[in-house]
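Pasting the structures here.
What follows is a pair of complexes built around chain A, which joins chain B in one and chain C in the other.
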Partner chain A sequence: MKRFIQATLVLLSSCLLILESGCVLLPENNMIEEITPIIFWSVQEAEDGKITISTLVPPLIKEKKRVLNLKVSLINEGNKGFNLNYHNELKAGQIRLLLVDEAYAKRGLTRLINTVLTDPNISQRLYLVVTKGDFNEFLAKHLDETDNIDYYIYRMFKHYEKKKQGEITVVNLHQFMKMLYSQVSDPQLPVFRAAGDQFLYEGTAFFDQDTMVAEIRGKDDQINQLLYRDRFVRYLVLPELSVTLGHIRAHTRKKLTPDLSSLSIEIDVKGRINELDSLARIEDNYQFAALSQKIERYLEENVISLLSQMQKLQIDPLQIGALTAKPFSRPITRDTWDRHWSTMKINVKVRLHLEPLTKVK
Partner chain B sequence: MTAISLEALKQRLALMEDAEIIDRETTNGLRLTFIYLETLIDQERLNESILEPVVRSFQSSVEKSLTTVKMNRLSNLEQALQYLMMGSVLVHDSSSARWHAIMLPNSLTRSIETSETETIMFGPKDSFSEQLEQNILLIRRRLPLTALKTERFSVGSLTQTTVVLMYIDGLINPEFVTIAKKKLSSIDFDIFLDSSHIAAFMEDHYHSIFPQYLQTDRPDSCAYALGIGKLVILVNNTPFALIAPITLFHLFQSPEDYINRWLVASFLRPLRYLSFLLSITLIPLYVALTTHHYQMLPLQILYVFIESRSKLPLSPFWEAFFILITLEIMKEASLRMPTKTSQNLGVIGGIVIGQAAVEAGFASKVLIVLAGISAISNFLVPNYLVTKSSLLLQFMFLILSSYLGVPGILLGLVGMIAHLNGLTSLKQPYLAPVSPFYWRDWVDLFVRGPLHAMRIRPEALRPLIKYRISRRRK
Partner chain C sequence: MLYYMIIMPSAIVQPYMLLAIVAMGIASQFCLYMLSKWFATPYSTQGYKGFEELFGKTGIKILALTGLPFLLFKISFISISYAAIMQQFVFPTMDREWHIVFPFILCCYLALFGMENMIRFVTVVFIVTIGIFFMYIPFFLVQSNSIHDLYPLIPIGPEPFAWKSLLLVFSSFSGPEFLIAISYWLNPQQKMLKYLTIANTISVVEYLFISIAALLFYGSKYLPTIKYPNLEMGRYLQSPLLERVDIILISAYMFSILYSLALFVLMVYGASSLLGKTKTGTSRVGLVVSCFMAMACTLLISKWFWEPGIEQAFWLDLQMWSGSTTYLLSPLLIWIAIKRKARTTS
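On to the complex of A and B.
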């Protein structure tokens, strides 16, 4: 009996210790039938420096849905306002998507990112997206009981993020934050357009620190995806050459000269010809080599044009500046890097390794 | 010590309608008195092998007339009564004024049947019965060794239950025998009807919900235990023997583990540990997640949970509490119900409590599924006593999870492991070979290694003969 009393005392005192030491185990009521865990916030710019924040409730239950909209100055003001407008408490613990309007992104995202980052409830596995068009109108068209559009959009990002499926750019909060607070690199985000009841992928937005400065689409977007950490692209459509390359993997070697005057990039592109809309007879060795060469030159030109666009904007979404980091040396400052980067000479060499799908003579 | 006399015996046997006192005179005039309880002895054998030979005998004393039966000379009344109550016939030879006892117990018993509590698909099917001698025989057949010792004890002031301590001399750690003998001799109580009563008096920690003696009715389990250096306690009038010392991990081992292919057995054993853990923490985890940690659920599952919980009147804790209590009521009912009516229980349990509770909005579908998984996984543990005690653990975890969420469950697990670490069975650590650590015993712990690899007996038991193989490399 004595031992039992001792054990009970030890257990009780350890419970109290945990509770009192600030690690409060029961800070709030999270009973799932009494709360509404929302899965996205959409932030748009409004007049007089304010923002409009919207979300969809209830997020999951098969009930009639409602779009909640509030014009506020601070994000959490919106969060509080939602609670006053809705019968359940809205919880941000399951938030997975942060959709930011293009106009707001052009003003700078630091404030928004900092707010989201400092909230202990919000996970860093939160997808950031730049939206164009009227996203609220898009939501309004998906208020059916069976239509969990917010959930489907989240699943879409999750799908493309996993195993790097190679179709769209996917960036989560953690990756964005890392680029944002890096000395020399800049973040990038996917851009979607809400048009009627459709949500269409447009391309990738480039940021100068926290401000959106440019957007690339189509072929440029695909090349950017290829260069960004040796990515995989399912289809590289090259309409000018009437060719579609499929299952492309790029292995990129970037090299900076010690004086930062030139950058040489060697790209080994592996893939296969998926579609050919020309009279080129690729079963013929000569014609096949000619086509390969044509594609190589074309890719080289496009990579150079994409990089020079970045140079012009003095941004570095491909983290080329990271190559300057060396052990036991001081990291390069932003100003120095920008100065060198904007005038840097770029040499690109693309080597195409096409898988022979047919018997080549 | 009172001297034996016919009057004293008659006085003690007064008002016992099955007591018989008969007088016989032999051919040469010897007067003999036979006293016995007709319900306790074998009447047929009495007539055939005692009364008939004695009456026809020309010998001068009863010892000379009955040379084929074992006769015990009696010296006092207490001894005589003890023999009488064990199924002996007391014989009084008037010429020599001597008393003898001849054991003729009624061998009424059931046949050797299949174990119902520890069923296995393959392997030996016989199990112990209520008769002690038969049980000893079943073990002796498996271990034909003179080193297999059987020491008798008698416990219980009313039941006078015979308890037999079995061990292999020269193999078992003598410390176990000493402790067991000491514990058995110090038992002081009146009624012992089952080996669990003996275990209750021999356990080091009788407040714990974990059994410290393994109860089994399988002779093969007992033989294996004896062979690896444990002792077995057989109790008269119960088919359940006790095996000691044991550890927590023994409760998860089944005789079938050694019959299955080792890879199969190694897959099944961790499954049992997992299912035990599931049975005690699955529903508490549901309560913790739905009450405190909605963030931890993947969105897809959160969707299902909110959907199923959105219209329920009870909080997750009370919902789980009522479902668990109902489940236990059903389990208990199925044990006590007559076999013919047990079909109704399935119908009531399945339809009324399962489907109707969900439709009526008393419980969520998710919880019913989890309760089902938890109840089924509970039965994967071969030991029935653990199955029963896990219920209490489940409620403890339920309360902790409802107040403290997942940290509560972790706190409970830490508490449970601390408690287990403090337990002992026959003064031996209950968590060996994990704590204290004996790495060689791990070959038969969470996995069941191939028999070829089990070359040594468990080190935690410190047996006198370490190796199980006779020819080993120098």
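On to the complex of A and C.
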């Protein structure tokens, strides 16, 4: 046995000797002081078919920050350009966010996403975001030594993604691709507006395949959160009824008729009344029932208007088309689905299970 | 054979292929039944003598000569494919040849411990590889899953039925035929069929589990575009300690790759010593020489005949055919030999 080990040691050490003597096995230098692992890329459309790609360096160290941006025709041309412009080598292995300008998203994301997908260093968990306004100007206001705005934006997405909370839409590269490839469904992405030194959540962008076609905000966005995979919504604010519902959990059942002529959606909403303009509105049980009925009707109307908006655009961000897959029948094509979907009758039934206000005077 | 776990979900791109796994599992059970007949005979415990009685001296030499290319090819295929995976996921800038050389040194080391110790090493390999199983559980809990990704369950549609993937699945079940060669060390008993059935069921369940996870995670349209879905899925996992879970996953696969390589190298040595006239027993030098022979063969293929595209597809096809043939024919051959022997003696 001893001789085996000796033989192995000889073999291994001779290998190491070969390595030492100048044969480069790993031609990549990852010395931490000499590289800059960036957190995001932001892509905007520029004139004559070019794009502007920008990023913030250096991330997470107490040093004066700098915005790097370049006008290029290929994304990786930008990455190479960054290396030539900056003293450290930029590494994309830690990239977490891809911010795309609205104008670019409206032209289609396929090319951009294909480039990102083929890079083996980039994780599938990369968050995709649509931005409005001047993002570079926003970055220019966050150049302080202690201002790690890129990292905090990433943490925000991570926070809301973790427990599937429905405050904001969070979509990563994998989810986007899965929706893009699926036969009948379309992806959605969050929309943020850069205004001065602020980065504000605006709503959700709907896509037709890879092209952004619509954006929903406020109330519609909240309802979208509820319908999209039964998320948890902390506050459902309904200013028209002067009511706020809190701690909402929705459970949705969608059912298609076999001939694809109508869709019925049943939504069970559990929550509590969190805020009300006057307690007189729920003095007795009759009034309470009347109010909850009013909210039910109101929600039903809004769900229908949201869905009819999708029908008009012939998009399916809620993956209703996935329901057409059956164990023993042929999957339907996109065209057939679009034809049926745009004329489908929709019945919505909302059932509200509310806990009344307590401890109030 | 674990390597197939790495490529198989790319063959199981349609939900109805899940049924193919079950069907091929049943087919593989027939081969195992024939194998168990071999283990039930007294020849299996006698080693070389047993084979000599069954096939005669020249028969063994012919068999060794036909087996040798199969073994060498299997070694090359497994190690190059694994090296390609290492290159793609772990060290993209490193030359592939280095990823071949290092595992060969390791497997040479393992093989030097001799067949008996090697067979005991399987416990370690089993514990490590069964751990891979648990890494795929999170994919059943991902929120974007829906059962509709697994429909339709039967092949309906314009695309022709993929008989090739069927063969690929069958070749993924191959491997137990090599037990014939090492039966001397296994002290087989009458219960062998039971153990083989359990092992076969575990493989079926494992393949189904991972294929379903991949289908749920990617959907049947996205999945065909991905070359190594299993590993890409590992890439998606995140842990608070490590970011690249897939590197751990690939290293875990390495145990079984090394084990099979070492086993095959030992077999190559055995076969070549059967062919040669050496009756002096085993020697370490001979083993190291056969290890280097296998490595040279692998490097040769890797250097000149492993361009992506047509050549790789050709090797995959070849592997598929050779895996299926050896799995089907070697138990059959040995079964026929036993039958013939039984007739001539009685």
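As a working rule, the second predicted complex is superposed on the first by the 325 of 361 C-alpha atoms of A that agree within 3 Å, B and C clash if a C-alpha of one lies under 4 Å from a C-alpha of the other, contacts with A are read in each partner's own complex, and residues count from 1 in each chain.
What we mean here is this: a contact is a pair of C-beta atoms (placed from the backbone, for glycine too) under 8 Å apart; a residue touches a chain by one contact, two chains touch by 3 or more.
What you are looking at is a predicted structure, and each value in this text was computed from that prediction instead of being measured.
Legend: residue contacts after superposition of the two complexes on their common chain; A:S123 is shown touching both chain B and chain C. In the superposed pair of complexes, A:Y154 makes contact with chain B only, with no contact to chain C.
Contact with neither chain B nor chain C is seen for A:A103 once the two complexes are overlaid on the shared chain. In the superposition on chain A, A:P331 makes contact with chain C only, while chain B stays out of contact range. Judged by the touch definition given at the top, the superposed model places A:A195 against neither chain B nor chain C. When the two complexes are overlaid on their common chain A, residue A:I39 makes contact with chain B while staying clear of chain C. By the touch criterion stated above, A:L143 is placed in contact with neither chain B nor chain C.
Using the contact criterion defined above for the overlaid structures, shared-chain residue A:A289 touches neither chain B nor chain C, since it reaches no partner. Applying the stated contact rule after C-alpha superposition, one finds that A:Q183 touches chain C and leaves chain B untouched.
Residues 4, 7, 11, 15, 25-26, 121, 123 of chain A are contacted both by chain B in one complex and by chain C in the other. Residues 88-89, 91-95, 98, 101-102, 105, 108-109, 112-113, 143-144, 146, 148-149, 151-154, 156-157, 217-219, 221-222, 225, 232, 235-236, 238, 243, 284 of chain C touch chain A in their complex. Residue ranges on chain B touching chain A, taken from their complex, read 207, 290-295, 297, 299, 302-303, 305-307, 309-310, 312, 315-316, 403-405, 407-408, 411, 415, 418-419, 422. Those residues of chain A that touch chain C in the shared complex are 4, 7-8, 11-12, 15, 25-28, 120-121, 123-125, 164, 174-175, 177-178, 181-183, 229, 319, 322-323, 325-331. Across the interface of their complex, chain B is touched by residues 1, 3-4, 7, 11, 14-15, 18, 25-26, 30-33, 35, 37, 39, 60-62, 91, 93-94, 96, 121, 123, 151, 154 of chain A.
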